[in-house]
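A, B, C, D and E label the chains in the order they appear, each numbered from 1.
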Amino acid sequence: MLHLLILLPLFAALFVLVGAPARKTALGTAAAMFLISLFTLFSYDKAGPQFQFISSSVIAAAWDLKYLLAADGLSLVMLLLTGLVTLAAVWVTPKIEKRENFFYACVLFIAAGVAGAFASQDLFFFYAFHELALIPTFLLIGIWGSGERHTAAWKITIYLALGSFILLIGLVALYYALPAELRTFDMIKLQALAGSNVIPAAAQVTPYLLLLTGFGILVSLFPFHTWAPSAYASAPTPAAMLHAGVLKKFGLYGLLRLAVPLLPEAARQYVWLLLILLVGNIIYVGLATLAQRKLDLMLGYSSVMHMGYIFLGIASLNLVGLSGASMLMFAHGLSIAALFAVAGQLRHRSTSLSFDSLGGLAKSLPFLSVAFGLAAFASLGLPGFANFASEMMVFFGAWKNGPASLSFSGMQIATICALWGVVISAVYMLRAYRAVFFGEPHRDTIAATDPKFTLRIPVLLLLGALLLTGFFPETLLGYIRPSMEALLK
Amino acid sequence: MVTLNDYLLVSGLLFSLGFTGVLLRRNILTIFMCLEMMLSASNLSLVAFSRFNIGADGLPNYNAQVLVFFIITVAAAEVAVGLAIIVALFRSRQTTHVEDISTLKF
Amino acid sequence: MPAVYSPLTLEIIVLVLGLFLLFAESFSKGADKRWIPNLSIVVLAMVFVFSFFTSGDAGVDLTKAFYSADAQALFFKRLALLTTIVVLVMSIEYRGVLAKFIPGSTDGAGLGEFFCLPIFTCAGLMFMASAVDFLLIFVALELVTISFYVLVAYMRRQSSSLEAGVKYLILGALSTGFLVYGITWIFGMTGETNLKQIAQALPAVLAEGGRLHGSETGLLFGIMLVLIGLGFKVAAAPFQIWVPDVYQGAPTPVTAFLSVGSKAAGFIVLVRVVQSFVHLPHVGEKVVAIIAVLAGLSLLYGNLAAMPQENLKRMLAYSSIGHAGYLLVAVACLNSNLTTFGSATTAVAFYLAGYLLMTLLSFLVMIVVANHSRGDDILHFNGLGKRSPFLAFAMLIAMLSLAGIPFTAGFIGKFLVFAAAVQQHHYWLVGIGIITVAAGFYYYLRVVAAMYWQEPNDDTRISLSPLARLTIGGLTAAIIFFGIFPQPILNMLHTPAPAVAHSMSH
Amino acid sequence: MDTHLPWFILLCPLVSAALIHLLLRRSPGLSETLSVAACGFALLASIGIWFSPIPTTQIEVPWLDFRPTLYVPIGFSIDALSKVMLLVVTGVGTLVHFYSLVYMEHDDAKPRYFGNLSLFMFSMLGIVLANNFAMMFIFWELVGVSSYLLIGHWFQRDSAAAAANKAFLVNRIGDFGFMLGILMIWSATGSVIFNEIGANMAPLTANPTFLTVAVLLVFCGAVGKSAQLPLHVWLPDAMEGPTPVSALIHAATMVAAGVFMLARVFFLIDATPTAQAVIAWVGILTALLAALMATQQDDIKRILAYSTLSQLGYMVMAVGVAAPGAAMFHLFTHAFFKALLFLGAGAIIYALHHEQNIWRMGGLSGRMRTTFLTFTAGFLALIGCPPFSGFFSKDAILLAAYHVNTPIFILGLITAFLTAFYMTRLFVVVFLGSSRTEEAKHGHDGPLRMTAPLIILAVLSLITGWFGSEGYFVHAFPARHAEHTIIVPILAVLVFVLGAGAGWILYSGKAKDPILIPWFRDKFYFDELYAALVAGTQDLLAGLSSWFDKWILDGMIVRGLAGITWGTGFMLRFFQYGNLQGYSFLFGAGIVALIYFAVFTK
Amino acid sequence: TLVFGASVVINRNPVASALSLVVSFLGLAALFVGLDAFFIAVIQVLVYAGAVMVLFLFIIMLLDLRAEERRKINKAAWAGGALVALAFFLQVIAVVSGYRPGQSPFPALSTNNLNDAHHVGMALFTHHNLPFQVIGVLILVATIGVVILSKRELK
């Protein structure tokens, strides 16, 4: 099953490159991916062992390097996210004027990379699959982007390459921090070491800091975030959706998978650092978001800002917080993808996404306005959406780490900042919503019409998933919680 | 009494002289000659060492002398090829001056 | 199949081939000399296959002192063979350009020799791969070097080729001088020229009461001089200074040969030399430290200076300095005893294998494109994605592999190199590596950007000869294959020949 | 059956909202029917609950289940408090729904309106039913968003959009404190469920300061939602929404949610006198200032809005003086008469083609008979004229204050005086005298569907006070200072008479405002202060961080480093200046340096 | 030897340099003799002083090179070069003088009648057979190279 999730888009991409009908193939593949991810999720036995659907083939015996696919609850949730967002991203793609096949092949490559990264339980492939997405992104932004696409493409690519290389070093350092007889790339085996303290606290520091920096760059942790807004602003819609929605979660996923079980001491020791940075994400980037005057840039910044919450959940290092972080990854992925999808639709209906040249669109574009509103409300943490439930968990989890007294711990102060961040995000989201959809219509956009019904489905799909999991978070938590318990053992 | 170090010193001096020539002369031919001088200087050291590290049979270490032989041969071959190149260059550029052959740069 | 042949047979066949072609060429008529490379490619390919059926035995006693036939040597011989094959393919593609710059009455004038020389060079490289005695090292190295002098300056109607030749000649001879002087000193200190015997003799020589007790200066002096000589061959900073000019000036196939063959052979020698000294108490640390410094300098110089280049050939030259830097990082880790993941020798070998594939591929594509676009600047690649998706894809893979993107052989090489470095706690080198990898992404992706972002300058489609197409396809596939399945290469490195029989039994 | 009734109540409006939004966006008729029906069913069920005994077991659905650390169920607490609140919410809600049928008749976004109305009902009922902090917070937020949607119903109007934003954001600020308070209480007691916290107060009472801070933070939530100082600024602006919305949300129910919440968590407040004092003072100051502002407003809805503020202040103050029963009582009565007033005002506005300035009305008593009469009932109730309901509930509050805190009591009296004054002003200017504009001359009553809710509410405004203070609320919340004094009612009637008299004398027959007090008219410049504050801090900081991000972090550091790297490369290649001699020099220099470091350094 | 070596470097005229080099090489051969390496000394004279230098002179004459005309010498570059050379020289001296065993005289040989050519020859053709053959290839390559680079018209 997991094989299919990776190979399907990969081969579809190759077929498309060779000349298969691009959109149909891509859409079919994405739909199949979504169904498969859903199917695996349902066929996962929650009472069974943590990792299921294991399939392993040896790549290099001497290094214990295997092509090892397996999934636990967390992976499955991330795979579901991948399936959903990929489907939506392919679906909302408008007509591509030049080199359509190449475009869809790039998108499918990204999808394959992400699915691979989440399904692989081997450090090497875990890393490698993620990198698979780098170059398609470079091409997508560079060829089909908008605005200052070349600058943006260069920035994101070099920055992410740098980040992933630091990450690679971190992974290697982690590998060597293990006692010689335990060294392996097998992440299932590695996670089984959770709580065993095989790595002495002093030896945890270097790998942890490297991983934090590497993953941090990939996740746009403050102050390594500057690649994100401009890239998302310039990227073609599906690229932005996939990248901000799914790919970026890779770093957080990695921290959860590796740093939490294997390097808990260092994580505790350097929690102050992470807290400062994540508050930077929430407050500083939040404020910067406020100042944006263009919708796409603002969304880019906001996606950076929200990473702070997930980091807060990870920093908490307890079950509630980590579960919250995991679920927030899912929720944020969907909501930001929906926002970018709508923004992409708007881009085709307006000369620019600057707030000055938009306005009053709720009248002419009722559907998009509602969709954007829902996604915006989701992203600012409104109950009913999964984001809210996850953020609640994050707050509870983070708060739990301090004493029940007035001498607040750093974590609690960060939580307070994060709570204030919720206010900030409400401010900019509503401002944007008002500027784009409320008020008098701008003359350039008066003739705009809503997308036709079939093109609405993908957005509805994303929002529906958000609402469903928001109303019933336990559906996801049932999968996530056991994984987190295993990590925290 | 002449010691090993005396020979080594002479050889080193010669080597350095050759090196100096390479560094300071402007004519490719002269530079090339200086390079040959450096090789010869090494030969001197090599022979000196060979004489110094006599084997169990009380003879000089002939490994080194064979190496010297090879070096001389190689040097000769190198000179042949090198001079051919220099001649070809002279034919195309009418110069053997190093400062005149600097079109490839940066 | 029982393995009964000594690996020396390989060199002999290659040499015989070279001689035969030389004679045949002089007596043959006709301008079209493509049969020469075609024949050599076939024979060399056969030798390549044959190399899997040789024994690890060096054969005759006489040669044993000089000649090692271990898995590593065999592996590097294969690299040399493969390189030569591809270089010959390139030469066929390049013959048009070549003919223009060679004075001759006919179109094919002088081409025969141009096709023959690489075969001799190949033999030299193969000898180097096996050489464990300074004598043989020196001789084989000079064989290679001298044939390169000739090859670099081959296009004597083109002054840049000649200029490159002269620069290579002078600096090469200079480095030879230092190499020889270094060998002299090492011999003087140890009384041996054989690496194995040197390694055996050293502890006694350095020990309390030994000849060198308390004065390792001479030994170190010698080692350093040898390092300088080898550093020149592998293009390590600060002895890299010749590289860009020579690479740019030389005929492109020669450039490819230089950057792959010469470097690979240089590295195997370097590894063998360093291995002999690295375990010594004080000297070893110094050697490692110096190599680390060289690595750092090469990384920085090569990668950073490559960034502003507009000419692809020159950019690849700088990048080849950078790659020498990565390889040196691994060499600086030779004092680790790790045999599994993170072993420095594996890293060097794998990196070189990957480097070979990707560099040859990029040069091959470059030759084809340059033939059509009349230039090898990066902007000549504009819109290649449209003009020839196949070539563009191959170049894409080559560039990604050079930059170190996973699922390419180049990535596994880098992965291994940095694993070794982390394992040895060379964190400052790793730090430099991080910067230079990012820089590498920039300049390699510039080519990708040119190919895919830009519109083509002219819309003519690029035609490809079947041989070139086959080679390009094969190299591309190999890069990806070894990027996913490194095991075959590891088998070649770790198990004694015949590797095939061995892996089949598993 | 009983255990399912709360679910039924909660789900009715949810289903209605979902259906309308998802399927019925193009069928106004169906959607309004559905919405009204949902609300009606909820009312019936609420009545059912009212008459059924308090159930002992509840159906709970775990929403977040991290037992033992954190357990958030969707569960209900059915007690006296929620029973009465259910009635208020569904009762007023149903009337408003009916009223909206007429008021919004010609609106072209009716489905959206009714969908949002149902959503609001859902959220509000959720707050009422919640048995734990987290669930209450969830619905608390939902109420915020539905009010946002309703205020912004006419989004084309910039002022409406702005008001909606303001309402939501100000509420968010309050919720910031609320959530923090919840977290603090949870971290001490390990639970968010009211019952469990109540049973496990020891960790909290052991640390009084902590408790005080926590309670005050929770109170922040109420400050936001119930529009207390200093977060009151959103409520008057919220009058941009359709009038039925104003009646429903901003008079009767949503703003009362804060007070309801305080009553719900009174067991916490009860444990910390400091917090009580703060709450009381915030309440009374709000009441006073809002009353002062109300005296100088011209917009009929705004006057009512400030009066709402003032009354809410009263209720909050009641909680602060440890009389949640009185607060709830006043909430109960206020819900009806304020809804009545708003709907009455709506009827007038409707009749006068959306004219809201009282000085452009006048003399409506004759032409709009029903409206006039019902409005009078509401008016009398609000100013506390016996035997209208307002008198009793206000009396209960003043009584409580009298026993606890004399200054607050006096301020309360002053507020009552002002209330009578500005309401009389409104009443006199709108209904009496002569019509001052053409529209006013032609105004007439709405259809029966519109007046029927008015009549019902008028009756309720009259009678709800009669059985309150002695009966139900005291029963539900045994007040500590039970003994009655005759002074309080006498004083209350006195100030009411004085206030009404002053208003009558000042305004009867006037065509424009005879007094002008800029501070009152301009709402003590709160908006301006906040605008300056926001511009001075938030926008400034936002600008700064954006600038820093663009030029320093990205421009200087990221691009700078990239540029430095590139530049270094650019410089480095000048080593390659083509001259062979230079190359050998560099070569030699390298050799010398290498040998130096290798051989001649330790 | 050293004096003439220096004169190679100092002389501006390539012909003079070459002649100095010849003398220097002859001196070197004498030193080889002093080290009991007669065969090498002979080779040195024959190959180096004889063949190679004749080749050099021939080429110099062929190219008709006159003394380097006085060009504007880049003083800084010159000084830099000199400095580097001097530094290297000092390093060599330091290394040599630091080599303590080298201060002792040469050990005596076991025989006074050294059949030097015989030993070298034996070593060359038996033990060093392999490198010797490689050298052969090398010379072949060099020959081809010279032919290719110098022939006026290639066929």
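Assume contacts are C-beta pairs under 8 Å (C-beta built on N, C-alpha and C of every residue); 3 or more make two chains touch, one makes a residue touch a chain.
Since the model is a prediction, treat every value here as computed from it, not as a measurement.
**Student:** Under the touch criterion given at the top, what is the topological distance in steps from chain D to chain E?
**Tutor:** 1
**Student:** Could you find the chain whose CA centre sits the greatest distance from that of chain D?
**Tutor:** Relative to chain D, the chain with the farthest C-alpha centre is E.
**Student:** Using the touch rule stated at the top, which two chains are linked by the largest number of C-beta contacts?
**Tutor:** B-E
**Student:** Taking all protein C-alpha atoms shown, work out their mean, then name the chain whose own C-alpha mean is nearest to it.
**Tutor:** Closest chain centre to the overall C-alpha centroid: A.
**Student:** Measuring from the mean C-alpha position of chain A to the mean C-alpha position of chain C, what distance in angstrom results?
**Tutor:** So the centre of chain A lies 42 Å away from the centre of chain C.
**Student:** Suppose each chain is reduced to the average of its Cα coordinates; what separation in Å results between chain B and chain C?
**Tutor:** 26
**Student:** How many angstrom lie between the centres of chain A and chain B, each centre taken as the mean Cα position?
**Tutor:** 64
**Student:** Nearest whole angstrom, what separates the Cα centre of chain B from the Cα centre of chain D?
**Tutor:** The mean C-alpha positions of chain B and chain D differ by 95 Å.
**Student:** Which chain D residues touch at least two other chains?
**Tutor:** Only 573, 576, 578, 580-581, 584-585, 588-589, 591, 595, 599-600 qualify.
**Student:** Pull out every residue in chain C that's touching 2 or more other chains.
**Tutor:** Counting only residues that touch two or more other chains, chain C contributes 135, 139, 142, 146, 149-150, 153, 156, 166-167, 170, 174, 185, 217, 221, 244-245, 438, 442.
**Student:** Where in chain B do residues touch two or more of the other chains?
**Tutor:** Within chain B, the residues that touch at least two other chains are 8, 15, 18-19, 22-23, 26, 28, 32, 48, 50, 52, 63, 66, 70, 74, 77-78, 81, 85-86, 88, 99, 101-105.
**Student:** Can you name every chain pair that touches?
**Tutor:** A-C, A-D, B-C, B-D, B-E, C-D, C-E, D-E
**Student:** Over in the complex, which chain D residues touch chain B? Could you list them?
**Tutor:** Contacts found on chain D: 573-574, 576-581, 584-585, 588.
**Student:** In the complex, go through chain C and note every residue touching chain A.
**Tutor:** 340-342, 385-386, 396, 400, 403-407, 411, 415, 418-419, 422-423, 427, 430, 433-434, 437-438, 441-442, 445, 448-449, 452-453, 484-487, 490, 494
**Student:** Could you list, by residue number, the parts of chain B that touch chain E in their complex?
**Tutor:** Against chain E, the touching part of chain B is residues 1-5, 7-10, 12-21, 23-27, 29-30, 32-34, 36-37, 40, 43-44, 47-48, 50-52, 54, 57-60, 62-63, 65-66, 68-70, 72-81, 83-88, 90, 96-97, 99.
**Student:** Inside the complex, what are the residues of chain D that reach chain E?
**Tutor:** My answer: residues 581-582, 584-585, 588-589, 591-592, 595-596, 599-600.
**Student:** Can you list the residues on chain B that touch chain D in the complex?
**Tutor:** 19, 22-23, 26, 28, 98-99, 101-106
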